[in-house]
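Chain nomenclature is as follows: A, B, C and D, assigned in order of appearance, with residue numbering initiated at 1 for each chain independently.
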Amino acid sequence: MKAAIIGGTGYGAIELIRLIHNHPFLEVGSVISNSQAGHNFSESYPHLTEIINQPLESFDLDRLTEQNDIVFLATPSGVSSKMAPQLVDKGIKVIDLSGDFRLRSQSEYETWYKHTAPEKHYLSKAVYGLSEIYAEEIKGASFIANPGCYPTATTLGLIPILKANLADKKSVIIDAKSGVSGAGRGLSLTTHYAEINENIKAYKLGAHQHIPEIEQVLKDETGSLITISFSTHLVPMNRGIMITAYVNLTGNVSTNEVNELYREFYKNHPFVRIRPEGIYPATKEVQGSNYCDIGLHVDPRTNRLTIVSVIDNLVKGAAGQAIQNANLMNDWDVRTGLNSIPMYP
Amino acid sequence: MKAAIIGGTGYGAIELIRLIHNHPFLEVGSVISNSQAGHNFSESYPHLTEIINQPLESFDLDRLTEQNDIVFLATPSGVSSKMAPQLVDKGIKVIDLSGDFRLRSQSEYETWYKHTAPEKHYLSKAVYGLSEIYAEEIKGASFIANPGCYPTATTLGLIPILKANLADKKSVIIDAKSGVSGAGRGLSLTTHYAEINENIKAYKLGAHQHIPEIEQVLKDETGSLITISFSTHLVPMNRGIMITAYVNLTGNVSTNEVNELYREFYKNHPFVRIRPEGIYPATKEVQGSNYCDIGLHVDPRTNRLTIVSVIDNLVKGAAGQAIQNANLMNDWDVRTGLNSIPMYP
Amino acid sequence: MKAAIIGGTGYGAIELIRLIHNHPFLEVGSVISNSQAGHNFSESYPHLTEIINQPLESFDLDRLTEQNDIVFLATPSGVSSKMAPQLVDKGIKVIDLSGDFRLRSQSEYETWYKHTAPEKHYLSKAVYGLSEIYAEEIKGASFIANPGCYPTATTLGLIPILKANLADKKSVIIDAKSGVSGAGRGLSLTTHYAEINENIKAYKLGAHQHIPEIEQVLKDETGSLITISFSTHLVPMNRGIMITAYVNLTGNVSTNEVNELYREFYKNHPFVRIRPEGIYPATKEVQGSNYCDIGLHVDPRTNRLTIVSVIDNLVKGAAGQAIQNANLMNDWDVRTGLNSIPMYP
Amino acid sequence: MKAAIIGGTGYGAIELIRLIHNHPFLEVGSVISNSQAGHNFSESYPHLTEIINQPLESFDLDRLTEQNDIVFLATPSGVSSKMAPQLVDKGIKVIDLSGDFRLRSQSEYETWYKHTAPEKHYLSKAVYGLSEIYAEEIKGASFIANPGCYPTATTLGLIPILKANLADKKSVIIDAKSGVSGAGRGLSLTTHYAEINENIKAYKLGAHQHIPEIEQVLKDETGSLITISFSTHLVPMNRGIMITAYVNLTGNVSTNEVNELYREFYKNHPFVRIRPEGIYPATKEVQGSNYCDIGLHVDPRTNRLTIVSVIDNLVKGAAGQAIQNANLMNDWDVRTGLNSIPMYP
């Protein structure tokens, strides 16, 4: 099955190519970059020399849909909203990695993203691709809104305790830390090496566009409106997201009981791993892989649960989950092409 | 005034030497390291070649107190508890950078530090050296328990809002991130380069020995028992601590009003700087300096205050605050020898 | 085919497991660690949770050779020299990643390694596993001495120009830079995070034990005794080696001509890639992969050739080349299991 | 004495401000940035909050020369060439940190810098400010061309052996490694965090504009035309340059004898420190300081000398040496304001 990738010179596209290359049923088809069309890939990415030899192409709807069987959009927000509908109308399977089709509410989208929302028609067509939670919906879908990196780590960490009705829904605080590749390949002072190396930087406190996405999932899963505190921090490393979440428990449960709850919840989901009591995951332990590793701690002094959830932002937080969704859409084993061991150290 | 340093081969001692070297009224006196006695300093620390030429000495109580006017103990917990009392009895001024004399309660100490507490007599003699808060007590003191790195960043960030009675005291959550130098120069797998580079690691959730220290200060300042949630994370950089603290507000105050409250609170304290609304400090902005920079954000969606407080763990979190305390003890301007600009980038 | 790994808790073993897991014809058999026998792997390496579930075993010659078809020794120098002969005598295929069987001369070994050399009998049995150069010998071999990381990057970079008789053999200078994982998982002050982060450190100038290994290969390939200058530097990153080599040219050749020479030399070797004129490889461009990428520059001002050669020290410099050799020994395509794209960024 | 700084928002200017702030006889005067004129400094550099409160100014020749006693140009090449002559004509002392007035030959300048050279008149007025070597000329000068970072580390490392006539002048090879701050604060893909973190990158082999600067100094010092091989590498850290230089020795000298030669050569120069035999400097050992530390190794196998020379590129390689030159111009002790201990770790 030929997979086209649009937005071919960003880190998301590059990671898609890496993963598709290892996938037994997918192969890299057209790679689209309007700005670099006609150039060889290895000019922008020498690590692909002699691996991907085809030139980058410009976007041509007919050619694209004829020559490919599935399209991954690794385009920025605002670009996907224009391209995805054309592709969806052509009937080709589409997985969009941007934030454009994740929020069902146009007004929420416009509040947080500060530009025009896609049409309602397409918003309602898109299935939110949080693979472990919406596997059934994804199986029947042809248009997927692939989740954001922060929302993936956060919702996988929070859903089991919230669905079990063991936590005060007014108490949810998420302290998120991300490696710098999450900001993409576009240049900015914030991602200039000498500025962010040897530095931790808090940014967009209470203002990150992933907040409504997380709240939408939590509402869908619990039936309640959950308003979260969400802080984001940039940390000097390439890959990895850790979220540390805090919720007040409403009853008496031990760390061990919470661990059991999570293990049970994810027992059929090979990419979520629960650490034993007293052990917390580190981002390096999922580097380059599609795992989401979770550690849990109930503090008896405060009766508060601390949840540590880590992913590789470019894999489970983007390209990996997109492949996982492609597997679901095609009824392949969810691990197909994603079976590799994290790169350590 | 001659300043002796005990524990001469750790990072705390090295930072004391760097700062004392720039101090107009202090000079480096004896440097004590029982394990390296007789060796030249530049064998362990080539950066001190031709700057500190004296050999390391072994601990000799009489010689030490004769040849020096003040003693800085940069020794580990458990060592200070044995050495400091001998020095205090000799009548020399002592500033202890370890955790041994910070907790007034022996049983709290033994619960969290897991070894025998110092004698009550010396615990009650020690003045807790959080310079901005206890300046008056420090001025008259001859024995200082210098605060921990996490407690310094945390308490300076929390005291104004808690003292103003604007926060729910049951709601205090502190998410702390530290550079790796905080773990010292002793070897461990956790601080092995390839393990912690490109990694964020959560550790000692709810179990860090700085918890009772923070709670003691908050109780002293507010009169209330405040039980905190406190999580610590190791981040791949050498220096710097950021704490992100969360408290539920009890009334309606804006970010601007909280900013004003903090500015007023610290107006006579040159080492605490408050960022304007919408700007949050980054650890690099205090690198190598004694500043504690604070940014504040009231989220109207949750009526929760987020506090971002950063220090250089080796300066304001250790050696710098020790010098600041020496300045107070000697009635020198608090900035003496600490006036340098953060090293950027 | 079952592959046993001895020395199971070092980075070399971990990388072997990662690569074998992706190999269609090999699977992880016994994993031996005398110090950790009986423990679960995920205690030392949580990233392997739910992937490698078997316990670590102690070394038992009979059991090992019965239950496995090939053995990888990822043991330190001095340990391999004792274990490998026992395995070789049992007739099982052995690939040793240590330096113990690379030098044919016992006295050279003892000069540079400072301990007793293995027996002559086994030294002469071992085939040096520089896969691109000795493919034929490796195909027929049952005992491989896998090359060192520095020698791999260096010899692949130097052999074409030296064999072409275009360089002054007295002029060979190699300036090598390595990431920190090359020093292994054993603790040392040199690899303590705060010491080597934000630092470049020169070490073992003219004294590295890889010098005689490089000189032996160059002599084998050119027939001449070539005495090299070889300097090693530690650089603050996990993975990657770059060698920058300098040779005086004996005739007039352009960068383009040298490029052609190298392309021709390696045309049947998919893991060596030559950059076009004016482009030099960076270590990240081979990260996690088995590639050796080479860039070349003839400086007309000095008539000197500069060669830049990069590898991932844990893959092409250790575990990857070991798998490549296993492929050769078994007459599988040399790319089997090694076909993945470098992880970028 | 009031010191104006032009080019106020680059790293060179920021480091000048840090150093001038600690200088007893200099104080920060006007800070000029045409692009940011009218803005507060702390908008661009929050670490200067409450330290530098004056706004950035636009360039006004009369006001500038009236209100200041000395001018530091931290402007890029091509800008200095236009501004410096105006200032020189006004009679104010000028220290230019750019490359514009370092090369005496206009044609050499235009070959390597690819734009128009300054007028001959001003080129011949500028004194090259390599402080240890040209102290006498600098003392009488009013216009200084401050050396480049690579040339400083390189020439201080090479001059003693070359002047002693102990080295083959055709054999000089310099392998240089630099931290990323050397590339400045301007955005580029090369200095984008995720690109250069976990990476070593070779660039501008044999093509760096510092080559003619080094060759000019070596010719001035030895009387011979010395053509060098010069390779530059970017290393993932903020500060620090290491050069590893190789020269063939013409006679028999031991490492110890070369060490003595260097110690003797620099005995009156406090900022150059020679390591003992077998010890090589690391860049962290000079971090934040004006030192140039040198280690030496004679390899008896090749009779080649390896020289390792390290500096902080922003201090001894830029702002620190500029202050050192201001000290010389004003007949102050060369250490004035530069006396601080390297920041370690």
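Note that in this section contacts are C-beta pairs under 8 Å (C-beta built on N, C-alpha and C of every residue); 3 or more make two chains touch, one makes a residue touch a chain.
Given the structure is predicted, the values throughout are model-derived calculations rather than measurements.
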On a CA-centroid basis, which chain has its centre farthest from chain B's? C
Using the stated contact rule, I'd like to know whether A-B or A-C comes out ahead in C-beta pair count. A-B
Please compute the C-alpha centroid of chain A, do the same for chain D, then give the distance between them in whole Å. 45
Measure off the straight-line distance from the CA centroid of chain A to the CA centroid of chain C, and report it in whole Å. 36
Could you work out how far the Cα centre of chain A sits from that of chain B, in whole Å? 38
Which chain B residues reach two or more other chains? 11, 181, 194-195, 197-198, 236-239, 281-282, 284, 287, 345
Note which residues of chain D are touching chain B in the complex, please. 11, 14, 17-18, 21-22, 45-51, 181, 198, 238-239, 270, 273, 275, 279, 281-282, 284-289, 293, 339-345
Hey, which residues of chain C end up touching chain B in the complex? 11, 180-181, 185, 187-189, 191-198, 236-238
Name, in rising order, each residue of chain A that touches chain B in their complex. 173, 175, 177, 179, 194-195, 197-203, 205-206, 227-229, 231, 233, 235-240, 242, 244, 246, 280-284, 287, 295, 297, 299, 301-302, 304, 306, 308, 310, 345
